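Got some structures for you, see below.
Two complexes come next, and they have one chain in common, subunit A, joined by subunit B in the first and subunit C in the second.
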Partner chain A sequence: MLYHIDRPTSYIVVGNRLKGAKPLEVTFKDVTLSYDGKREILHHLNFTIPEGTLVSILGPSGCGKSTTLMMISGLLAPTSGKIFFGDQDVTKKDALARKVGMVFQNYALYPHLSVLENIEFPLKMAKVPKKDRKKKAIELAKLVHIDDQLDKKPGALSGGQQQRVAIARALAKEPSLLLLDEPLSNLDARLRIEMRQEIRRIQQETGVTTIFVTHDQDEALHISDHIMVLNQGQIQQFSSAETLYDNPSNLFVSQFIGEPVINTLDITDFDRELEGHVDAEILQRAKKVGIRPEALQDHDTGSETLTTIATKVKHSEKYGREKNALLDFHGKPLLTTEMRAEVADEQELPLYLQRHGFYLFDENGVRIFGGDQDA
Partner chain B sequence: MLNAKPTIKSTLKALLYLLPMLVISITFSIYPIIKSFIMSFYTKYDFFNDIVSAYGFDNFKFLFSDPDFHIAIKNTLIFVVGVVPLTVILSLVIALLLNRIKWLSGFFRTVYFLPFVTSTVAIAQVWHWIYNSDYGLLNYFLSLFGVSAVSWLESPKYAMLALIIMSVWKNLGFNIILFLVGLNNINERYYQAAEIDGANAWHQFTNVTIPLLSPITFLVSVNGVIGSFKVFDQIFALFNGTPGPSKSALTIVYYLYQKFYTEWKYGIAAASGVVLFFMILLVTVFQLWYSKHHVHY
Partner chain C sequence: MKLKVAMVLRYVILILGAVIMLMPFLWMLSTSLKTQPETVKIPPIWIPKQLQFSNYVEAFKQAPFFQYFINSVIVTSITTIGQLFTSILAAFAFSRLNFYGKNFLFVIFLGTMMVPGEMLIIPNFVTLSQLHLVNTYGALIIPWLASFFTVFTLRQTFQSVPDQIYYAAKIDGASDWHYLWHVLVPISKSTITAVTVLQVIGSWNSFMWPLIVTNSENLRTLPVGLQAFTSDAGTNYAWLMAASTFVIIPMVILYIFLQKYIIAGISKTGLKG
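What follows is the complex of A and B.
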């Protein structure tokens, strides 16, 4: 399967776009990576990252997302397959020749150099004259709002400031591709939100194709044009955040995306509630049922309702604007976030199962019902 | 309690903990240092009865007019300048190479470390044979390149060179281990970042390895300078208890040894020790000052 996405038409460029290299499209053709010839880390990756977009690679730890990034950067070579930047085959080129910018998880700022010298470093390596180097570095420091810390050493900066320096350094040589490896994972919650907006802003101001690796779905959903969900070295789905949530292509994606987590039941947990509402042939093939917590309403919604199910309230609680109830359905727990009426524990409660947010998956975990295309 | 205020009782308790180490270092380090400082000012000393009848600067005056002492200072400086940079550079290069090879790396590390754990006398005996002008390994090796036999240990011209070569070789092992530790402490990420930033292998070496290794380089060179200023046992063993042909390997500590043990001029021996002390102090202070600007912790 080849994952290909068109450049979004709603793409906005804010502010003065810094003149830089033309943004690049990145293509993986049947890329496989194995360590010591045995353990395969990534299996036959095929995808195209459109130029000028911000794409997140999202997955649980150990899924191969950082490895994928290392292969794009040229620090790791694929065992087989080809990597293209635009229409140029870069598979055999090392990191030096690929000229990408990269922000590492721990920033990897040179501890012996000042902020200014860190940002200047790629320019120094490119033999840019000293004067131009400094001018460009200060310009970048202003872009990432770190121009008041130029003489300090990285050790004297806070995590967020180091992060900004790392981004400025990565942008210094005007890369056509910016890679970010879990750049926010060392920051505290508030700073993380601030920095992800900053990264979005900087990406839009520079227009550079950006690939962002994260294990945090919230980060990926907020920041990116497109999200590639990776699990066990395979692409699960590559689409926009909205599609990922509304039309998960398989059980893994449906469970990985969404907070609270989707309710997952076996098809055998249902008696006859689905009969007549879902095609008999599909019902025959279905193995697992996924129900988003918001797809369980406590009142009739007319044509939006697929069917009703009989449940018993086990526990209900209210946090801020959220009102949740944990229910019992044929001995299995169900969570809903859509309680309107006051309910008591142990109360019998009929629930209206919504079409939107209800999925059936076959024995391979592939979605066969629910979402946009009922296939 | 971490925030407890120091009291007389707690201070006494702390002193009690420090006592064993204090007793040892006062007896064997502090007292001898003070005593030798005082001794360097003895001008009239009856060492049979331990009676000092006059103090003064005569010992130092003697040193500054003694041609042997001038030779000793000159030789010591040649030795330090010859040994330290060579040791630092060679051990860094060997550590870099050892860090690269995966195959038999443990074996090579052991081989390079062996000189450090071997007695100087044994090492000197081996080198004595290597340096032998008639049937030595080194001359045989040089003869392959058409160089005629060199009398390494007998000629005043080559004695210091022979001493420097042996000392460098002896010092390598320990310094290689230190450099290997330093190299392993440099996070791989810095090299990856440098590669991404467009640094080739040489630029990675000069911009990542050298600066991040500077604390170890500093340690190795300070250690080397102090050790080389105090050189004695290698000379004694290599030249069979003489300071080399025509005093060509006479160093300050060897001078001190001669004055103390063979001539029984305690005051002069102590004074030369004091001179050595200040020379080492001067160089070390300079190194510390230099490190403030060039060593990155």
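What follows is the complex of A and C.
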């Protein structure tokens, strides 16, 4: 399956784009990586990242997302398959020749060089004259708001400041592609939110195609135009954040995206509640049931309601403006975030199962009911 | 009160240690200013009746010390620079590059560190004489242009530099060569200084090897040159110590300025002194 996404029409380049940085489209054609010839780390990856977009690669640790990034950068060569930048085949080119910018999880700044020298380093390697590279470095330092720290060594900076320097350095040689490998995971919560907005801003100001690797769905959902969900070396789904949530293509995606996590039940946990509401042929094939916590309402919603189920309240709590209840359904736990009425523990409670947020998956985990059928 | 006793005890031990360490130096200094009869007096005297500064002048007249000094400087600087260069390259290869037989080679080299230096004197001498290098600068320099101790120490340091720094340099357009000299070496400055200092001291003080492979006077290094004061008729300790003082001055200066690195070098590797 080839994952291809059109360039979003809503994409706007704001501010003065850095000259010379032509955004680039990245294409993987049947890229496979195995370390010892047997164990495959990545299986036949096919995708296109549209030029000028910010794409997140999201997945649990060990899913191959950083490895994918390493292959895009040229630090790692695929075992088979081809990688294209635009229409140019770069499979055989190393990191030096691919001219991408990259930010590492631990920033990987040169500890013996000052902030200014760090940003200048790629320009020095490209033999840019001294005067020009200083001018360029200062310009970049201003872009990432670090121009007041130019003479300091990285060791004297905070995590967020180091991050900014790393981004400026990655942008210094005007890459057509900016790669970010879990750039926020070493920052504290508040700073992480600030920096992800910063990355978004910088990406939009420069217009550079950006690929952002993360294991944090929240980060991916907030920052990206598109998200590629990766698990066990395979692309699970590559689409917008909204589509990922509303139309997960399989059980893994439905469980990985969403907070609190989707309720997952076996089809055998239901008696006859679904009969007549879901096509008999689909029910026959269904193996697993996914129900978003907000798809369990305690009141009738008319045509939005698929069916009702009988549950018993085990425990209910109020978190800020959210009222949650943990329920028992045929001996299995269900979580809802949509409680309106006050309920007592152990109380019998009929729930209205909503069409939106209810999915059935077949034995391979593929979604066969719920969401937009064509998505 | 208890604390005070512990403090006093600690200082007493430290002072005792310092005195023991300094004793030979003090004896050297004092002897260099004695008259000949005073040097052999028992019990030894520490402060000569009259300071014989003329010993220094006399000592210099006994042998071409300026030539020896030049030889020592040449040998020490070339071996140090050469050894540092080869070791940095080898340490980089062992820490970063992948090549066939890397680990095997490393273990073999590590094994050579277990062989006592004295055992290598004869085979090395034989090799050099077959190459017709005995009694040349080559004999003093070539065997010391590589040191696995230095390779090993640098490799440990190079390995402690995160992979990401290497990848970042690659992404930034640096070749391996550039990464080595513009990133890795500056980052490893303190270890490199430490091994340099150890090498300079070792090379400057080296006695046995230069003694064996040279016999013409104009190739002697300072430590070997000190033999000039020992003859069949005995040793003139006053002159010997005057010359010795002169020999160790550069090392003392080096030590005063770089003691931080020397200690770091020893504590980092737990090897060699």
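Here is the rule we go by: the second predicted complex is superposed on the first by the 373 of 375 C-alpha atoms of A that agree within 3 Å, B and C clash if a C-alpha of one lies under 4 Å from a C-alpha of the other, contacts with A are read in each partner's own complex, and residues count from 1 in each chain.
As a convention for this text, a contact is a pair of C-beta atoms (placed from the backbone, for glycine too) under 8 Å apart; a residue touches a chain by one contact, two chains touch by 3 or more.
All values reported here derive from a predicted model rather than from experimental measurement.
Aligning the two structures on subunit A places subunit B and subunit C in clashing positions. In the superposed pair of complexes, A:His215 makes contact with neither subunit B nor subunit C. When both complexes are overlaid on chain A, the residue A:Val100 reaches subunit B and subunit C alike. Look at A:Lys288: by the touch rule set out above, it reaches neither subunit B nor subunit C. Looking at the shared chain after the overlay, A:Lys136 reaches neither subunit B nor subunit C. When both complexes are overlaid on chain A, the residue A:Arg367 reaches neither subunit B nor subunit C. Applying the stated contact rule after C-alpha superposition, one finds that A:Pro111 touches each of subunit B and subunit C.
Residues 73, 75, 94-96, 99-102, 104, 106, 108-112, 121-122, 125-126, 169-170, 172-173 of subunit A are contacted both by subunit B in one complex and by subunit C in the other.
Against subunit A, in their complex, subunit B makes its touches with residues 187, 189-190, 192-200, 203, 207-208, 211-212, 214, 296. Within the complex formed with subunit A, the subunit C residues making contact are 162, 164-165, 167-175, 178, 183, 186-187, 189.
Those residues of subunit A lying in contact with subunit B across their complex are 73, 75, 94-96, 99-102, 104, 106, 108-112, 121-122, 125-126, 169-170, 172-173. Subunit A contributes residues 73, 75, 94-96, 99-102, 104-106, 108-113, 121-122, 125-126, 169-170, 172-173 to its touches with subunit C in the complex.
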